[in-house]
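Please go over the structures that come below.
Here come two complexes built around subunit A, the first alongside subunit B, the second alongside subunit C.
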Partner chain A sequence: MSTKQKTWWWIGGIVIVVYCLFPIAWILSLSFKTTADLANKQFLPSTWTWENYSTILTGTASDLFLPALRNSFGICLIATFISCVLSMFAAYAIARLDFPGKKLILGTALAVAIFPVISIVTPLFNLWRQIGLYDTWPGLIIPYLSLTLPISIWTMSAFFREIPWEMEQAAQVDGATTWQAFRKVIVPLAAPGVFTTAIIAFFIAWNDFAYGISLTSTSRARPVPAALGLFSGASQFQDPTGAIAAAAVIVTIPVVVLVLIFQRRIVAGLTNGAVKG
Partner chain B sequence: MTQTTLPPVEKTQPVSSPRGSISDRSRAERKLGWLLAGPAFLVMLLVTAYPIVQAVYYSLFSYRLTDPENRSFEGLGNYWVILTDAVWWQSILVTVIITVITVAVELVLGFALAMVMAKALSSIRPVVRAAILIPYAVITVVSAFAWAFAFRISTGFVNSWFAWLPGVSETTDWFGGQASSLFVICIAEIWKTTPFISLLLLAGLAQVPDVLQEAAKVDGATAWQRLWKVTIPNMKAAIMVALLFRTLDAFRIFDSIFIMTAGANNTESVSFLAYRQTISRVEIGLGSAVSVLLFLSVVLIAFSFIKGFRVDLAQARGER
Partner chain C sequence: MASIEMRNIVKQYGDGYPAVNDVSLDIADGEFMILVGPSGCGKSTLLRMIVGLEDITSGDMVIGGKRVNDLAPRERNLSMVFQNYALYPHMTVYENIAFPLRLSKTPDDEVRRRVTEASDVLELKEHLERKPANLSGGQRQRVAMGRAIVRQAEAFLFDEPLSNLDAKLRGQMRTEISRLQRRLGITTVYVTHDQTEAMTLGDRVCVLRKGKIQQVASPRELYEQPVNLFVAGFIGSPPMNFLPATLEGTTLSTPFGPIALDEKRAAAVGGRDLLLVGIRPEYFEDASLVDEAKRPVGSVFRARVDVTEWLGDSQYAYIPYEAPESITAQLRDLSRELDSEELRTQAIVSIDSTSRIREGREAEFWLDSRKIHVFDPQTGENLTRDAEAGARLTQMATEDRVDQVQHAQATGQTVSGQGSGAHRAGAV
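Moving on to the complex of A and B:
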């Protein structure tokens, strides 16, 4: 490549980075604005303040935000864990065993993945009210599985297919017991796939809004996105913009950290399941 | 429990074991396979198939939560009410407009992004890759808020930055009309989901054999010709998969609309209509009917993609 071409690809790369980070930078800047500054029509605050963060963490909005944060973490982690365990078994069967119905399972996962969330919300709303799951953690964990399971099954089967399973036998030939062969050979090979799948599943659960807003009514189970969506009505005397921005920044931090640490694996996970033949 | 879902045994021979009768070993393997994969399969069915069947059932009744005594069987009455109501067709129109615009822009933009990432020098590639994952990982609600605040008169900077454009001034109310609201909604959606498309396309791009590119180059093809005659035809599968997934995803749009306009100025999507009927108006019967219609639309889109464009999902799943 000539120097001129190189420069162009460099510029292209920088444009992409700016494109991706711009709205994040904006909401970050917004979260540091004072109430008077919100309408300054500028990108950056004229005076920087932590005021919005103290509002949501210790101040008037904290009883809305903190329980929501706890709910989000709890519900998403449990849903991620359940779907990872279930899909670990399923993916092992799909990758290693020869049985009819493999296509049926993958096809079902595909169908569930494209299922419109709102279509499930209506019947669940009524059912959960009748059986007492409305506005509870399990009431969200169960429907979250419809979001996390299909992608987990796909991603993990794609990962498991690439594991050189012969190494298990090789280890046994060399004198390892079945358990040792599994523990020392297969687990280290499979762990990255399981881990990556968990991250992607967590992102998807963390992102949910439709279930969160429809199947909860109080801070007992309401997750952060739903709480953010309802923030506006919370404090009548104050413009909620700054508080929303600060809360948005806080819930974005975990995903940004995960992305920065595991970017290579996440990309592999996202594309393996979907495109590679 | 899972045994009930077993497909009819041995009428159709599995392709991968072509040698006639089934041995004990393969029978044991089959059993183990369903034992391991069964629970996941069952949970998937329980959390989707069961609710949709329930929704079909509810949709046949006139049933309002605040007035449960007066629940009455309506047959297809709810569907008739919906399909003859302008509100439904308006929401379909909005949903189709958003889907077509966002998917078209995302495909072109995503392709450009993928090209840059493929060519980007190794020194900046990790930075670009991390950046591109951020819109994907950010919560849709957060992205919707960011864009809404940017465009809103009271908090935004867009009006003052772009006041030099014709039609934009300090007092332009982006959320005051249908077209401008949809424009902002589309921007937010495009920002959020283009990176995902570009990653899928990048993976497709990597499958285009270099030899073909070189051969075309030697034969004197221009860069533009190579793009259209070599690159794109060779990654058709990846493009189709990205297109299918994004179309279905865009058609379900809900979060951004809820946050940015809450359906004001005729910006209600089908999902939002279903939500409003069910949760806000507690019209379980009508809401269920809208949900069922939404589900049928998604099935129709998926079906026409798979038949019409011959999207090979087996390949997409990595099942050769």
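Moving on to the complex of A and C:
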């Protein structure tokens, strides 16, 4: 690349990064503003304060926020784990085996994924109340699975297809049972795929609002996105914007941490060297 | 170690296409058998049926006296080297080689001993802690072989193991495989489409075409006594030349002049309008360089040379000739089937490298008519094949093999043997 081209790439890159990160920077700045400062028509706070953070972590909003944070973590992790395990087996079967109805399964998974969530919230609300799942962890985990499973199956089966068939056949010739070949050869090779899928599934569950607000009523199971919507100001004339911004920053942290931890594992090209170079 | 017997093996795919059609083949204990043929001839399918990765539609697969049709690959105790090696990228070289032993729950010190021995044989010692991604093509290939030899398998199966290497390395690995097989004395089935590998490695070579066996014989027999047009055209490089001919008395008249046949051969080819004469490039010579003593056994003709290729140790001349439409079409079909594309009817003749024959000029050639073969263009059958002479050649190859294995074992060059303490490697 010539210097001129390089310069243009840099400029383009910076424009995109600024465009994407500006809202986040804004939220960050909002979270450090005092209530009076919120509408100061400036990007930066005039006085920096931790007030909003103390409100949600130890103050008046903490009994709303902290249980929600715990619920969100628990529910999302469990849903992610279940969907990863299930989709690993499903994707393996789809990528490797020839069975009738394979197309149907993939098609159904896609159909479920594009089905609008809001349209089944109301029936689910009634059903859950009848059978006692309303406002419980399983009551959210189950619908979250319906959100995360389709995409997990699709991404994971794409990863499994990338693994050369021969790898497994070699293992079988070397004396492995189908299960051993799966566990000792396929799963380690699919690890980047599993981690990628896990992160995507976690994000989907973590970001859900519709189920969270409709299928819970107390801090027993209410997740963070729903809790954020219920924040209120000190008086009815005050917006809880600062507190919401602070909470938004806090819920972004685990997502960032997760990506940073697994970034190394998501690198493609782990299969390099398996076959001829 | 075991023999492998195949009886009427058929592999039919879902659409009814028989990839392997009624193959019966006996591979003796310790023999090096090559399966060769153009792409799509079913050679790999046959190999995968031996190892159990492909179901057998009908017929019997017997390994070491036991019918294995319904056994899973791991129950057959065979080891296989895949075309693209299929190394496990997440394991080190050591663990890759140790993998079959780990699966059979071999104790750690035994594993260490055997992997060390295998890596000694294959000169992989410095690389044991590296990952496959950091190895060169040849090293990866050796790791794949290490994984195959580390356990006492009944037989080795190779699926075009050298096709991913460059030409130089291929030559080295070829002799390496040959040496290793002799040293271990293990039954080996080797699939290739490369005829150099087929000729140099095999005790016997099985030529397949469209799922059917054409001929099973020693490389020498295949070369000198091919059973039909297909085998004759497939074995040999540059390939055998096929000239249209008609028989007049005991003399064949060809585009390169008359060729006299002896009584026996003339009788065998009689009664057909059109014949194909198969002449290997090295049966030709520049007429001016032929010994007076040899001259009478052949015939001399004049022809215009199209192109010459001088290679230092040898020289080839290309001589175009006219052929009837039906023959041209048939030769074209044959060459297409052999994975090449012959655009014109021309003979490739090998002449002495000192010959001064020039391109575009007419020159005088001599051809040795003793070893030529005559084929029936309709059926492709070799009409002048001497089955006895062929059988003698194969018999000699078998004796050679027995001799070589005995020699290798007598001089302590074997790493095979009884039980667990078998691998005595390092004895080169």
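Following the convention adopted for this analysis, the second predicted complex is superposed on the first by the 233 of 277 C-alpha atoms of A that agree within 3 Å, B and C clash if a C-alpha of one lies under 4 Å from a C-alpha of the other, contacts with A are read in each partner's own complex, and residues count from 1 in each chain.
Please note the rule applied: a residue touches a chain if its C-beta (ideal position, glycine included) is under 8 Å from a C-beta of that chain, and two chains touch if they have at least 3 such contacts.
Note that the structure is predicted; figures quoted are calculated from it, not measured.
Trainee: Have a look at where A:Thr177 lands relative to subunit B and subunit C in the superposition and call it first, second, both or neither.
Mentor: second
Trainee: Going by the contact rule set out at the top, does A:Ile131 touch subunit B (first), subunit C (second), both, or neither?
Mentor: The answer is neither, since A:Ile131 touches no partner chain.
Trainee: For A:Gln169 in the superposed arrangement: first (subunit B), second (subunit C), both or neither?
Mentor: After superposing on A, A:Gln169 lies in contact with subunit C but is clear of subunit B.
Trainee: Looking at the overlay, what does A:Val185 touch: subunit B (first), subunit C (second), both, or neither?
Mentor: In the superposition, A:Val185 touches subunit C alone.
Trainee: Report for A:Ile253: first if it touches subunit B alone, second if subunit C alone, otherwise both or neither.
Mentor: Once the two structures are laid over each other on A, A:Ile253 reaches no partner at all.
Trainee: In the superposed model, does subunit B or subunit C contact more residues of subunit A?
Mentor: Subunit A has more residues touched by B than by the other partner.
Trainee: Between subunit B (first) and subunit C (second), which does A:Trp26 come into contact with in this model arrangement: first, second, both, or neither?
Mentor: It touches subunit B, and subunit C stays clear.
Trainee: Indicate the residue numbers of subunit A shared between its subunit B interface and its subunit C interface, in ascending order.
Mentor: In subunit A, residues 270-277 are touched by subunit B and also by subunit C.
Trainee: Report the residues of subunit A in contact with subunit C in the complex, numbered from low to high.
Mentor: Residues 164, 166-167, 169-177, 180, 184-185, 188-189, 270-277.
Trainee: Which residues of subunit B touch subunit A once you look at their complex with the stated criterion?
Mentor: 6-7, 9, 12, 14, 16-17, 26, 29-30, 32-37, 39-41, 43-45, 47-48, 51-52, 54-55, 58, 65, 113, 116-117, 119-121, 124-143, 145-147, 149-150, 154-157, 159-161, 170, 191, 195-196, 199-200, 202-204, 207, 237-238, 241, 245, 248, 251-252, 254-255, 258-259, 271, 274-275, 278-279, 284, 287-288, 290-292, 294-295, 298, 302, 313-320
Trainee: Within their complex, state which residues of subunit C touch subunit A.
Mentor: 51-53, 72-74, 77-80, 82-90, 99-100, 103-104, 131-135, 137, 140, 147, 151, 164
Trainee: Touching subunit B in the complex: which residues of subunit A?
Mentor: Subunit A reaches subunit B through residues 6, 9-10, 12-17, 19-21, 23-24, 26-27, 30, 38-39, 41-43, 86-87, 89-90, 92-94, 97-112, 114-127, 129, 142-143, 145-146, 149-150, 153-154, 157-158, 161, 203, 206-207, 209-210, 213-214, 224-225, 228-229, 239, 241, 244-245, 248, 251-252, 255-256, 258-260, 263-264, 266-267, 270-277.
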